[in-house]
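Order as written gives the chain letters A, B, C, D, E and F; numbering starts at 1 within each chain.
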Amino acid sequence: MNWGSPAEFFAMGGYAQYVWSSFGVCAALMILEPILVRKRQSSILRVLRRERQAERLDSQ
Amino acid sequence: MSAIIAIIRRDLLLAMRRKSEVLTALFFFIIVVSLFPLGIGPESALLRKIAPGVIWVAALLATMLGLARLFAPDHADGTLEQMVLSPTPLGLLVTGKIVAHWITTGLPLVLLAPVLGIQFDLDTGALGILVLALLLGTPLLSLIGAIGAALTLGVRGGGVLLSLLVLPLYVPALIFGAGAVESHISGLGAGGHLSLLAALLALAVFFAPWATTAALRIALE
Amino acid sequence: MSAIIAIIRRDLLLAMRRKSEVLTALFFFIIVVSLFPLGIGPESALLRKIAPGVIWVAALLATMLGLARLFAPDHADGTLEQMVLSPTPLGLLVTGKIVAHWITTGLPLVLLAPVLGIQFDLDTGALGILVLALLLGTPLLSLIGAIGAALTLGVRGGGVLLSLLVLPLYVPALIFGAGAVESHISGLGAGGHLSLLAALLALAVFFAPWATTAALRIALE
Amino acid sequence: MLTATGLSCVRGERRLFAGLDLAVGPGEWLHVQGENGAGKTSLLRILATLSPPAEGEVRWQGEPVEVLAEDYRRAMLFLGHHGAVKEELTPLENLTLAAQLDGFELDEATALQALVRFGLRGREDLAVRFLSAGQKRRVLLARLAVRKAALWILDEPFTALDVKAVAMLSGLIEEHLAAGGMAILTSHQSMPLPNGRVLKI
Amino acid sequence: MLTATGLSCVRGERRLFAGLDLAVGPGEWLHVQGENGAGKTSLLRILATLSPPAEGEVRWQGEPVEVLAEDYRRAMLFLGHHGAVKEELTPLENLTLAAQLDGFELDEATALQALVRFGLRGREDLAVRFLSAGQKRRVLLARLAVRKAALWILDEPFTALDVKAVAMLSGLIEEHLAAGGMAILTSHQSMPLPNGRVLKI
Amino acid sequence: MNNPIIQWFKYGSPQSFYPLAGKMIPWFWTLAVAFGLAGLWISFFVAPTDFQQGEGYRIIFIHVPAAWMSMFLYIVMAFWAGIGLALNTRLSGMMAQAIAPTGALMAFLSLWTGAIWGKPMWGAWWVWDARLTSALILFFLYIGFIALQAAIDDPRRADKAGAILALVGVVNVPIIYFSVKWWNTLHQGASVSLTRAPSMATTMLWGMLLMALAFWMYSIAVSLMRVRAIILEREAHTEWVKNLPEIQGKSS
């Protein structure tokens, strides 16, 4: 174990801004990407469901 | 006034439709800037020295490439004829189109320039001056470019002729723009260069839309 | 074979008719090269150092500007359809068009380069290498560029998208081309760079017409 | 009332027509006829102030059109060989934007109605690029239904249209004339409309 | 003999036609009819191998056209909505170069004769850019007179032509059919030619 | 048509792949998270401080996996594109299209983390080093591919044009890589050179490998999710899509 305390951990031996901005951006983008893909999926699903409903209403 | 806004909205809508056009102008800027180190070599002292010049030349070329499409599509499909025939004064419509052109090509360049400056190892102060100079310079490029675009409209080989006409006119913007950053780096202060740039911009704002309108009328005759 | 010659003759005839197009590509080359001293400043030691890089980047941009018009006019007026339908294999016609493109844009650049090199104070040996490198490099640029031109045919925002696709592929040509002159100047000899350039050219001669033809067929589908 | 006196038109070394007089009053229309290359398009462009005549004068309500400028342009609608439609935009957007350029707001309902009238139902939201030759033409013509103008100048409006569309356009022109409008058309086919006069070039 | 079986065409999400069969033999011609946007141009492009059908097959003399490739292209001449003429070149140059692309040499006398036949006397050396809409079209059609092909596929060949030119083109097609040629045309007007069949889409 | 390989690809039709991908996605997510947590634990708590670079070197644990993935994904993308072009299968084009944005993301991450690492190590955000330059060009190639496909409306045409570009790119990536390397090493006096990490301790190697696995699983999971969305968009009007349970409204 390299770290004496959480503060020391977050300080990263003086390299905090570099280490955390790399890891931070990496994590942010890797969380953002699946969310965006999900949104794309659900929006197309929504359109398809609406069309389906309209079709049903039409045929009634 | 509402006609100006309508035409800006229309051009932005068209730009959104052809999203790739705006984005690729940006990437063109990035790529051209990145090509120079490849041609010249990786020594960072040398690169820092040529950085402002390279970024300005690239901005100039990126603006210029988009110019050909400022009036040409409207000309080709007859919309321009309809604009001339429209009751709204042509000058207003033209101003709107120039503003839209700046928003879609000039502004993104300004926002991106600092990133490229970092690649050439410029410091924060120099980056600030670079952005300021581009903020004054890119509208100037759009305004001057519009005259050239109108003059070469429907002319054979228009695209390249356009650059021939416009590039010499861009020289003052280039000299003062790149000069501002250089003289800041060499400790002389950028004030003089920037105010000259601002004066040129003011001149162009009054003069360019008029000249463009006249040129368009000639092109359509 | 006679079809290749016919299409080269046709494209040269068209180029003669639109004389301004060929000339302005040349002037574009000259102007871009001349902009640099304006953007960077007049120190001749610095200029000599960046000369090969700047000339090559300018050659690259000048070639690229003409690319958009390699297939687009033929596409717009339906001639390309007729070419696909012609009994002559499309690959031959495409090769002919690429050759014509090189004759009208690449060759003039090669001939003009020494003059510009003198402006940057290069010596005779370096000028010779510069011309040799361009002689090998410009056909490569035309060949690679043709692929990009075919891929972006009829696509929205084609012109700038084209440069986005093509410029990264131009990087090896740029590096070896500018590198040849630089390593000659620094006394290392240009042989290695030049033979790599020749190898790339040989590769492209076999590969590019095929890829271009495939892309054209897709564009017309 | 549009009148033109002593018009002549020169292209290159060739004089296409000379000493041409014409007049169109409310409710009347003029059918400009002539062989290919006779100068019909050239004449229409002169009347629309898109190019100046070599000699002669065009007057609108008695005033020269150069003097009237905007007032004449507001009263006139010119549709030429060219599409004047944006291939990237949908028919609906094309129509709305054309209206804005002409200085008026077009609400969506009216625009939709005009498009449906021109048989473009189901294509309102498809980029014009995908439309067939005749459908492109219909998008252009839909402007006739939404913009008010006293004088219509139409260059071969029936090109590429099918039989139904031709009938519909004729109907539209007839309405326009009945409401006191004027029209100047070219077409290589004969048109069964009332109050027409033929001008042979 | 051109035969097509079970052709269908899909554009975007829309099925334009399906299960379409057609056959054209020597001396026969087919008039493809349909509303604007019905899919006539799309069908002609499929028959000319410019785009592949979604389903079905096109055969020439019993062989699939993809297999024949060049042999089919040599036997076929397609003229579409587009000009396929270079605006910068003169009619004469356009004609000669088109011939070279098709792989044969055209001597000047024959080319001139074809142009004169299409009423372009005096315009041989004027850049096409300056010609009127109908004259441009005539330059394109002059190819029909110089290139031998067994099958003509013409998309709205009569657009922009005046009465005289229409008669002349009809005459040309009639000659072609009489000599055992085949033709597939679209047009919104009716055409008085013998041996015709109508295909409604 | 009786070729067994073609049969196999026909079986891999969008219709049968869509539910299959749906089932696989949770597994890959689980694996990605598991490897990721293990990798992060090693990178922050097990791996020792580097005696030269201090704690700053820990960026390596995302930098190198991102760089590897950016190159690997390009090859995978080109592979699918080439299959699509050769065998004319619908799914392959969609796969290529689904991989591209993730590949671009990885290329961006390697650039970003590398640039940030460069500041403390070399004193500059960016130097024109061979590896950096070719990574940048790879990023441009991704962007070009995405832009080209976005600019073409007809999806089938977009697939084919993209495939040609990807294949041309695959031929060029090694050429570009070596040319840049040559350019850089032939040139005397690059003021900074990449300080090679000292021979890596085994723990560091383990950390990197675990992180690389995590990135790999992540890429697969996201690409599968995206390909599902693309399938729905492109096949929106086919019967099988209309009959999907999630559209029939049974599941929602």
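Quick notes on this structure:
Rule of thumb we're sticking to: a contact is a pair of C-beta atoms (placed from the backbone, for glycine too) under 8 Å apart; a residue touches a chain by one contact, two chains touch by 3 or more.
Predicted model only: the values in this text are computed from it and were never measured.
With contact taken as defined at the outset, there is no chain that touches subunit A as well as subunit F.
If subunit F is removed from consideration, the chains that remain connect by touching into the groups A | B, C, D, E. Centroid analysis (C-alpha atoms only) places A farthest from subunit E. For the pair subunit B and subunit C, the distance between C-alpha centroids works out to 25 Å. Distance between subunit A and subunit B, defined via averaged C-alpha coordinates, is recorded as 36 Å. Chain centres here are Cα means. That of subunit D falls 55 Å from that of subunit F. Among all residues of subunit F, those that touch two or more other chains are 140, 143, 147, 151, 180, 183, 187, 236.
Residues of subunit A found to touch two or more other chains are absent.
For subunit B, residues touching at least two other chains, in rising order: 17-18, 20, 24, 27, 31, 38, 41, 156.
For subunit E in complex with subunit C, the residues that touch the partner chain are 48-52, 70, 73-74, 76, 78, 80-89, 93, 97-98, 100-103, 127.
Every residue of subunit B that touches subunit C in the complex is listed here, in rising order: 17-18, 20-21, 24-25, 27-28, 31-32, 35-36, 38-41, 46, 49-50, 52-54, 56-57, 60-61, 65-66, 68-69, 155-157, 159-161, 163-164, 167-168, 171, 174-175, 178, 182. Touching subunit E in their complex are the following residues of subunit C: 2-3, 6-7, 9-10, 13-14, 17-18, 73, 76-79, 81-89, 93, 220-221. Contacts from subunit D toward subunit E in the complex involve residues 11-12, 34-41, 81, 119, 123, 126, 130-135, 137-138, 156, 159-166, 188-189. Partner subunit F is touched in their complex by these residues of subunit C: 147, 151-152, 155-158, 161, 164-165, 167-169, 171-172, 175-176, 179, 182-183, 186, 188, 192, 196, 200, 207, 211, 214-215, 218-219, 221.
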